[in-house]
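Some structures to go through are shown next.
Two complexes follow with subunit A in common, the first pairing it with subunit B and the second with subunit C.
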Partner chain A sequence: MLNGYGGRVLRVNLTQGRVEKSELDPDLARDYLGGRGFAASVLYSELEKGIDPLGEANKLIVAAGPISGLLIPGAGKTTFAAMSPATGGYADSNVGGLFSAEMKYAGYDLIIVEGVSPEPVYIYIDDDTVELRDAEDYWGKGAITAETALKKQLGDDFQIAVIGPGGENLVKFACICHDFGRQAGRAGVGTVMGSKKLKAIAIRGSKSIPVADVDEFRRVGREMYDYCKASDAWDVWVRLGTAGVNVPSNEWGSFPTRNFQSGHFDDMDKMTGEYMREQIVVTDKACFACPCACGKYSYSKKWDVHVEGPEYETAAFLGADVAIRDIEDVAYANYLCDELGIDTISAGNAIAFATECFEKGIIGVQDTDGLALSFGDSEAVFELIKRIASREGIGDVLAEGVRHAAQVFGGGSSHFAMEIKGLEISGYDSRNAPAMMLAYMTADIGAHHNRAWAITYDIQVGRDAITPDKAAKVIELQHIRPLIDCLGGCRLQWVELGMPLDYYVPAMKSITGIDRSWEDLMLAAERVWNLTRAFWVREMEGFGREWDYPPPRWYTDPVQSGPTEGKFVTKENVDKLLDMYYEQRGWTENGIPTREKLDQLGLDFVTI
Partner chain B sequence: MHLRADSSKCTGCRLCQLACSLYHFQENNPKKSCLAIDPKFPDPGVFEVRTCTQCGECAEVCPVEAIIQNEKGAYYIDSEECIACLECVDVCPENVVFTHPDQEAPFECNLCGECVHFCAYGALYVE
Partner chain C sequence: MTGRLEYRTVELANTVELVLVGLLRDYGPAQASLPVEPGETVLDLIRELGLNPDLVAIVMVNGRQQFKSHHLQPGDRVKLLPMVGGG
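What follows is the complex of A and B.
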């Protein structure tokens, strides 16, 4: 019995219809902790080089961490991972809610889904009972609709992870949906699920999770909770959630506007967190064990839809980036994406890209089946979301992501296809935030902000500086945030409420019974970081510095308006940032982990 | 006096159930807790909380008088005396007498108040 863990790995082979349970290896728990650590380890060691991410050999990993299911603030994250059909590299995406908790109650830390089912199925897990069930009745249904139906059939106490038509139709940015409005959104983890004809995973568990020292665990958990509750930042964070970042980001000049032409949206009256709260928010909705519920569950009278959000990223991409200025319209676009099961970040980014191409005359109505595109036209956005999910006409091109769309549209549009490594950039224009730009360049799934939200550091120490401390900060964040991903937690209690990271040390000790220092935990995070880098090196011929470059817009086009007007990071400085980063990471000048670094981290089995 | 809930403040975080399980059973298992959270999603998108009102119907219906009151006046099931007929579970108007495969006897809220501490939103109170 491994304290803090469910104790078992569940392996489901959809081709053979076979289910296998095995004991969790304590060495895996020691070296990789859980969550994305487990995901990285399994994907690197079990996938062979060069497989087709949409084929039988790809695996969908679902991982909980040692704090999942326990009374630790923020213990509500589940990691979904696979080789990405969007990028061809490593992909993971974590999702809030209650799924990983339920995994632990059922006695599983890790679910590995292999193969491809001949017919649509869902995996049914009720403690020790694991079955593959016919999903014919659910296939084709929207994600919210399907979750509702599954809970009605199985019981409200089942937790559901489900894809929508977007995943079924292999949209490259399809997401895995859970708890009526949370998603594992990035890099096509939902696409992988769709390629396996896996509609959903439904799970229920009744077991207790063992911890080494109950009294000490109660004490630590209580202290962490008390800290969060007493934080000065608690009130605003709960009132506005991530939408509370809309205005600050705009004031920083980082709110992506009109396909990142600018970092400032000029019409925010109906886009602020406060306006949103007044207009549409119905319920503060929390993830598992979270004392600072950031979920803003909303109802739009205008559109008669319920939706969780819009979150900051969605206000960015289905709002400013496509120049929609009414949060209710953003909420409707959000609802469409949630029900159809596609990532709001990539979808909005792709629609903004298409709109800029249209406005520049690179594409026209002959390419869009008569649909005129212009920034600020919300009806066009709604229509494109539907066409992307069903892969109709231009939707079929956009469903492949902006890197591919730029190749199809031509006309020099790759210049402003806002992606890195094939993943659409998320919500921070970084032309005057070099640390944030570096974070995007080096994120290990492609451009995503959650590995290192460095923008506040840029603001704090001076935006224009291209200095080694910025690289150091990005590296530090790339260990801290992913560490929390490995533990199964959410980083926002620390980020938003200032909850000290130190707590994770006594928390882990009371849970696992093993005393691990903060440095030791960070080493595990560094190990995972280098392993996911190695995954890219193995898969991508000639992988290196080139792959870390941002789109040319970021080192050529000055910001068009707002507080950062005229700013961009020069190519020379892009290279300088990467030079400093690689050096501090102990990688080659081309960004490849050295043998020395790999061995230091115990990654001797990695031969790149 | 009993545990009360203002459901309009519930966020569905389940910290109350986690705390209950940890303090009532010294275990990490919200399936072994003494209050219920009912999510109503996608529409209207709210949580409803069910708590024991200390109505005493479980005690009345118990054929072996296994349900008595503790020093706080809360009804509790003496697991030594309980014959697991589950009449109390059926009769409870709030459906807050709970069972679990691990436990021979059903269980119910003993008014320890730990859940109140762990509700950051002030949805729970004892009055």
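What follows is the complex of A and C.
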């Protein structure tokens, strides 16, 4: 019995209709902990080089961690992972809610979905009973509609992960949706699920999770909860959720505006977290075991829809980046994306990109079936979201992501196609935040903020500085945050409430019975980071520094307005940042992990 | 006695209650009662504390988020939070 784990791996082959259960390998738990660590290990070791991400050979990984399902603040994250159809590289994306807890209660730490079903199916898991069931009645339905229907049919105590029409139609940034409006949103994990004709996974469990020292676990867990509840930030965080960041991000000049032409939106009165709270929020919503309910469940009277959010990232991309200035319109666009099952970050980016192309005359009404695009036009945004999800007309181009769209539209538009490694940049303009820019450049799924939210460090030590400590901070954060992802936890208790990271050491000891230092846990995170890098090296011919460059806009175009007006990071400084980062990582000058570094991390099976 | 009482009342009426959260406590006391001038904004208060305004992410006044340009009133409860993480 492996303390802290469900103890089993569930492997479902959709082509053959075969289900296998096996014991969780204790070495896997030791070296990779869980969550994204499990995902990286399985994807690296089991995927053949050069497979089609939308073909039979790709695998969809669902992973819980050692704290999932236990009473530790924030232990509600589930990792979904695959080779990304958006980037061709490594992808994982996690979602808060209740899914991983239910996995553990059913006795599974990992679900590996292989093959392609001939017909739409969903996977039904009730403890030891695992079945492939016909999903014909659900195929074509919106994600929230389908989740509601599945819960009605199976029972409210089943937890559901489901795709919408965006995933079915292989939109490259389709989400996996859970708990009525939460998403594993990035890099197309929902697209992979759609390619497998897998509409949903429904799971219910009733087992216990073995814990090594229950008394000590209760003591540490209670201390962690007490810390969170006593935090002076707690009431603020619960009141505003991530939308509380809309205002400060705008004040920092990092709020993506009009396809990143600026980092400052000129009309925030109806875009603040406070306005949202007072106008549309109905109630607060928490993930499993979380003491700070940052989810905001809202109702827009204007559009007569319920939606979870809008979160910060959605306010950035379906708000300022497309110049929508009313949170109710953002909420409706958010609802459309959630129901259609597409990522609000990439969808907003794609729409902002198309709008800038339209305004610059690179595309016209002949390319949009007569739809005029202009920044601030909410109706056009709603229409484009629908066309993307259904792959209709220009939506079919945008559904491939902005890198592809720039190739189709031409006219020099790749200059402002805001992506890195093929993944659309998330919500921080970084032209006056070099550490944040470096974090985006080196994030291991493409340009995503959650690996290292380093803009705070830029602000603390000086925003113009291009210094080795910034590379060091990015690396440190790229281990801390993914470590929490490996454990199955949420970073927000640490980031927002100031809960000390030290708690995870005694918590893990009490759960697993194994005494591991913080440094040892961080080493596992570094191992995972190098393994995901090695995945990119293996899959991309000639992979290296070029892949880490930001879009030219970030090193060429000065910010157009706001507190960072005129700022940008020169190409020379982009290279300096990468030089410092590669050196500190123990990688080559081209950004490739060295044999020595790989061996030091126990990755001797990786060929470079 | 009456005069003294009036004086104390005036003094209390011209202050705001301030709470600093997290790393902002490196720049001032966790909680304090501070005098406020007519027309003073949150930004003025932040500068008086010697804080880099960018270090203050979220401004709460009487339990509601406000812009830093918000004008303070005597008796306001002000809470300043450092950078917090989106997403």
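What we mean here is this: the second predicted complex is superposed on the first by the 608 of 608 C-alpha atoms of A that agree within 3 Å, B and C clash if a C-alpha of one lies under 4 Å from a C-alpha of the other, contacts with A are read in each partner's own complex, and residues count from 1 in each chain.
One rule holds for everything that comes next: a contact is a pair of C-beta atoms (placed from the backbone, for glycine too) under 8 Å apart; a residue touches a chain by one contact, two chains touch by 3 or more.
On a predicted model such as this, the values are computed, not experimentally measured, just so you know.
In the superposition on chain A, A:Trp252 makes contact with subunit C only, not with subunit B. Contacts of A:Ser68 after superposition: neither subunit B nor subunit C is touched. In the superposed model, A:Ser117 makes contact with neither subunit B nor subunit C.
Once the two complexes are laid over each other on the shared chain, residue contacts for A:Cys290 go to subunit B alone; subunit C is not touched.
Shared interface residues of subunit A (contacting subunit B in one complex, subunit C in the other): none.
Chain contact summary for the complex, subunit C toward subunit A: residues 19, 21-22, 52-58, 60, 63-68, 79, 81-87.
Residues 231-233, 235-237, 239-240, 242, 244-245, 247-249, 251-252, 268, 272-274, 277, 311-313, 426-428, 449-450, 453, 455-456, 459-460, 491-492, 495-496, 498 of subunit A are the ones touching subunit C in the complex. Interface residues of subunit A facing subunit B in the complex, by the touch rule stated above, are 69-71, 98, 101, 105, 144, 148, 156-157, 179-181, 205-211, 214, 218, 221-222, 225, 228-229, 234, 238, 282-293, 295, 297-299, 306. Those residues of subunit B lying in contact with subunit A across their complex are 11-15, 18-19, 21-23, 25-32, 38-39, 41-47, 100-102, 117-118, 120-121.
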